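Chain nomenclature is as follows: A, B and C, assigned in order of appearance, with residue numbering initiated at 1 for each chain independently.
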Amino acid sequence: MYAVRMENITKRFGSVAANDGVCFAALPGEIHCLLGENGAGKSTLMRILFGLYRADSGSIYVNDRPAQIAGPRDAISLGIGMVHQHFMLAERLTVAENIVAGCEPRRRGLLDRECARRRIREVSERYGLAVDPDAVVEDISVGQQQRVEIVKALMRGARTLILDEPTAVLTPPEVDELFTVMRALRESGTAIVFITHKLKETMEISDRVTVLRDGKTIGTVCTADATPDSLVEMMVGRSLPVHDDERTPPRQAVLLELRDVSVAGRKGGRARLSGVSLAVRSGEVLGIAGVDGNGQLELEEVVTGLRRPGKGKIALTGQDVTGLDTGGIRDRGVAYIPSDRLKRGMVDSFSLARNSVLGTHRCADFSRRGLLLENAVREHARSIVAEYDVRAESIDQPMGSLSGGNQQKMLVGRELARPHSVVVAAQPTRGLDVGATHYIREQILASRNRGKAVLLISAELDEVLELSDRIAVIYEGRIVDVRPASQFTERELGLLMTGQRNEV
Amino acid sequence: MGLRGDVSRFAYSAIAVLLALVIGAVLIGTSGYSVKEAYSNLLMGAFGGVYSLATTVVMSTPLLFTGLAVALAFQCGLFNVGAEGQLYVGALASAVVALALSGLPPAFRVIIALTAGAGAGAALGFLPGYLKAKIGAHEVVTTIMLNYIAISLTTFLVKTYFRDPGPVDQTVLLPPGSRLPELVPGTRVSLGIVIGILAVALLDRVMRRSVLGYEIQAVGQNPHAAEYGGVNVAARTVQAMMISGAVAGLAGSVESMGTLYRFIPYFSPGYGFTGIAVAVIAGKSMWAVIPAAFLFGALQSGGQSMQLFAGIPMELMTMVQGLVILFVAAPALGSMLLKSRSRLSEKGGGRA
Amino acid sequence: MSGFADVVFNINNLTATIRMATPIALAAMGGAFSERSGVVNIGLEGMMLAGAFCGVLGSHFTGSPWLGILLAVAGGGVIGAILAVFAIRLKADHVVTGVGINILASGATTWLMQAIWKRKGATDMVAGLGTWSVPGLRDIPVLGTILGVHSPLVYIGLALIALGWVVMFRTPLGLRIRMTGEHPEAADTVGINVRAVQYFCVILSGCLAGLGGAYLSLAQLNWFSKDMSAGRGYMALAACIFGGWNPLGGLGASFLFSFTDAIQMRMQTAQIPLAVEIIQMIPYILTILILAGAVVRSRPPAALGKHYESGHGR
């Protein structure tokens, strides 16, 4: 008997088939990996199972009985629970409020908080999921938030639990904890669907693997019969390209320097950055390794002038730029690929042409006497489109109509086209497919080889290891170690990233 | 692509106005008036003859400015509901300055008085712009409050300092040299309409071609990206609100200098609010403010003769404005109506 | 200057404060419910105006002010329903819709007033609510003067605000409302009907603001006059924000407004040597100051003003 079975699921968004005749089935008491690249259709398939999307065609069976799932309410009543990649938690409500919303215990018409606390405690003790019911969600760590999400699903009687990329936001020890919980759930007969694109984790935790590619099922195999290489081939359909690595030795000139930079936190909270000192030299990539939320965003913003440091100095090519605004700092030669490209990097309703000069629109090349030089702007956009292989119909179409990969290429092209000596690249490949990721990483390396100083901030440890000459590890707003990349092992980095300095 | 978008938007706005008038007709009918009498008076009052047309143009003129003012603030993502108050301070400033400068040659007088009106409007626009940029106080609430303040303040100033020694609270009549010249002799169509069209042309160019316009639009569409692009978001917000206020102030100037020839407390029949409807219809295009202002000018002058000759209260036109804003603000309504129509016609086809 | 002190430090000011705070606090609570569910409510002004008009209309045709109150609540609710349909179903910009609604309500009430009473400016007098004097309470010194004798709507309003606080923070419904405004997708994924919650809240906000409007016409003046809400809907919105989107906080902020309003009214009658126009500006200036002070430290519901499209239909 299958816990859930999906047959010939097809789902289109416009002309794109996110799922094209996908079949999938999970057994009770197994951990079933749903493996595939970004954009392969994994999340779409599971959102259909959870009732967040409705399939255009295909059928779903729960416990071998045909099921109609019109919304999450139906899915929940069929014993399906889902932990989303972006947590579905209201940040300013308490843990208990988030867990019970929608199935609240009542007493005389009022919310029975005592009963809610009791029931949360029961579930959390049974599976080893420690949560504090009275904490406010925004005050607890990402790992704790994930536990809240799991408790939320289990309290609703989930017998099939979908976990969407659950390890992306966790530290290595938190991943181990999660895996322990998952094994306990497997023992209790719960079917776990584990969505991921990471091979190592797939091999470690899963019983079976179903691979999706371009919205189609490639196949289901027992993990015991698979190797990482065989899974890669199923995922990508070709072997991964390797970057041409012609490292030129870094030069001596320090182009970007931070001295003892601190950023205060919310009132009463701990500092977001404290006493950060870093130097990036011409011709090197300095990678910042760390678990998301340990001060990377603040570092990115402080270096680019979006945020003023509480104390400390920032210097570009030897000149003090502390306290300058973004325009001032970037005009002194900083190309900046922001971590949130939709929010920061572009005006999505503006055309490609207008976006191509965002930040350089005041330069003499693109404006004179307060008026934009329309032809120069358009010519500039055309050259970026051609040089960076942006797939677009015209430079007049709105930026928002491009795919994520093409938006990022356009943005990287714009930034590398401006005069600069320093590149700040924050999460440069987040959410991109393999092709675009590879392309962007090559551009970053090429920039380094032209003698630029590159500060790479990335939550992807693989990316930091692959591109960096030196690595600085950030934990709770402090740089806990800086060394040449070759002197770190992955295990060491993992421990440093979680603050276990003494054990290294 | 842009042209087609403009055309379909224009068509949709026309449908919205018609729909609002149909709802108005239902109300007129159910209240026991004659719909035919009402709307024939509306039409005649707006377009029937030279005098009616002139009245329409006179009423369109302040709407051209207030509509432009609101549309310009929209470009920066700001909702200036304070055009009414800005209009009052602009009107009083222009009237007072025009009176005070009676020694100068008329051309100087007029230019300085217009500048004073624009300046007063800009000053009133500064405060909500500043509070929005620095603190985040919602500009809708602050501009509305400033409307009440501006209306009380101008009334107070007229009563206390600039009162005409007669029975009515108002300023002295402007001497001919302090007025905006008549464009069509015998009517009150003044140079104001020309100034309005020039203002549209100028601001259209600023918004589409200049660095300032680029930055204001970037702030309006995505302030985070604008900040990333080195734009001083707070400064652009304040500037956009001040430009908007200046344009609304000019609406008052052309009223006091070109139509009333003096400042009268409570003179505006809500030009600032009708400007919102004008701007909502005009959307992103500055040029579209001109036909939209003319449309509401026509409804205003037609509404007056409807009130005069058919006894139907003018406030019907206020309702129509409110309805038009609602309909145009909800583009989903248009596609829904179109869909239900095509569904109906499909059904009809099936039966046939 | 002793005259000035008499004007400010007068116990009757507190009585007037309670009286004048009621309509603003009711509308502010409406704003709190609407905005807690994620819908910006600039339309409170129009809802109050509709309530004020419908109250007089009901009292005029039935002779019963209580039926007038009922009609006012219904009228405000209808305006709320219009805002809800445009802002939620048709995904119109909440702020533009709210302003459109205020203009519509101003035109509609004035137009209907002229069509029904054939009078410009104000309607005839209708039967009003009168006052209740609460036995026991009225005899307590000081407190009795402040709280003892008021329109029944004052007591009903205060009770409703307390009830509203309980609903918002102590019931399952309130939790669902707050969840919806903070994170509609999260609410959706636990089976909460986001649209239903939002419709309920926006219509409720109309009913509450309508009741507040009826207070203006049936408890204070017993007639309706053109645009009689005079910006109180916007003040209520400022009070709602200042009060942290909390019915009790909104009540507190309303007291602040009304206290200055009370002083303002007293100044007008007490022959303080200050022009009436200047005195009238005080509440509006205060609103700007309060709003500016409030937003510095306030955080609106996270999903306020955003449109939420659930994927179920897609």
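Points to keep in mind about this one:
Quick note on the criterion: a residue touches a chain if its C-beta (ideal position, glycine included) is under 8 Å from a C-beta of that chain, and two chains touch if they have at least 3 such contacts.
In this text the structure is predicted, and so the values were computed from the model without any measurement.
Using the mean of the Cα atoms as each chain's centre, the chain most removed from subunit B is A. With A-B and A-C as the two chain pairs, more C-beta contacts join A-C.
The geometric centre of subunit B is 28 Å away from that of subunit C, both derived from CA atoms. Distance between chain centres (mean CA atoms), subunit A to subunit B: 47 Å.
Centre-to-centre separation between subunit A and subunit C, using Cα means, comes to 44 Å.
By the touch rule above, subunit B contacts subunit A in their complex via residues 1, 209-212, 214-215, 217-218, 221-222, 224-232.
Here subunit C touches subunit A in the complex through residues 166, 170-172, 174-176, 178-179, 182-183, 185-192, 299, 302, 310-314, going by the rule given at the top.
Every residue of subunit A that touches subunit C in the complex is listed here, in rising order: 47, 50-54, 70-73, 76, 82, 84, 87-93, 97-98, 100-104, 106, 109-111, 152, 156. Looking at the complex, you find that subunit C touches subunit B at residues 42, 82, 86, 89-93, 95-108, 110-112, 114-116, 120, 230-231, 234, 237-238, 241, 275, 277-278, 280-281, 284-285, 287-288, 291-292, 295-296.
The touching residues of subunit B, when paired with subunit C in their complex, are 27, 31-33, 79, 81, 127, 131, 135-138, 140-142, 144-146, 148-149, 152-153, 155-156, 159-160, 273, 276-277, 280, 313, 315-323, 325-326, 329-333, 336.
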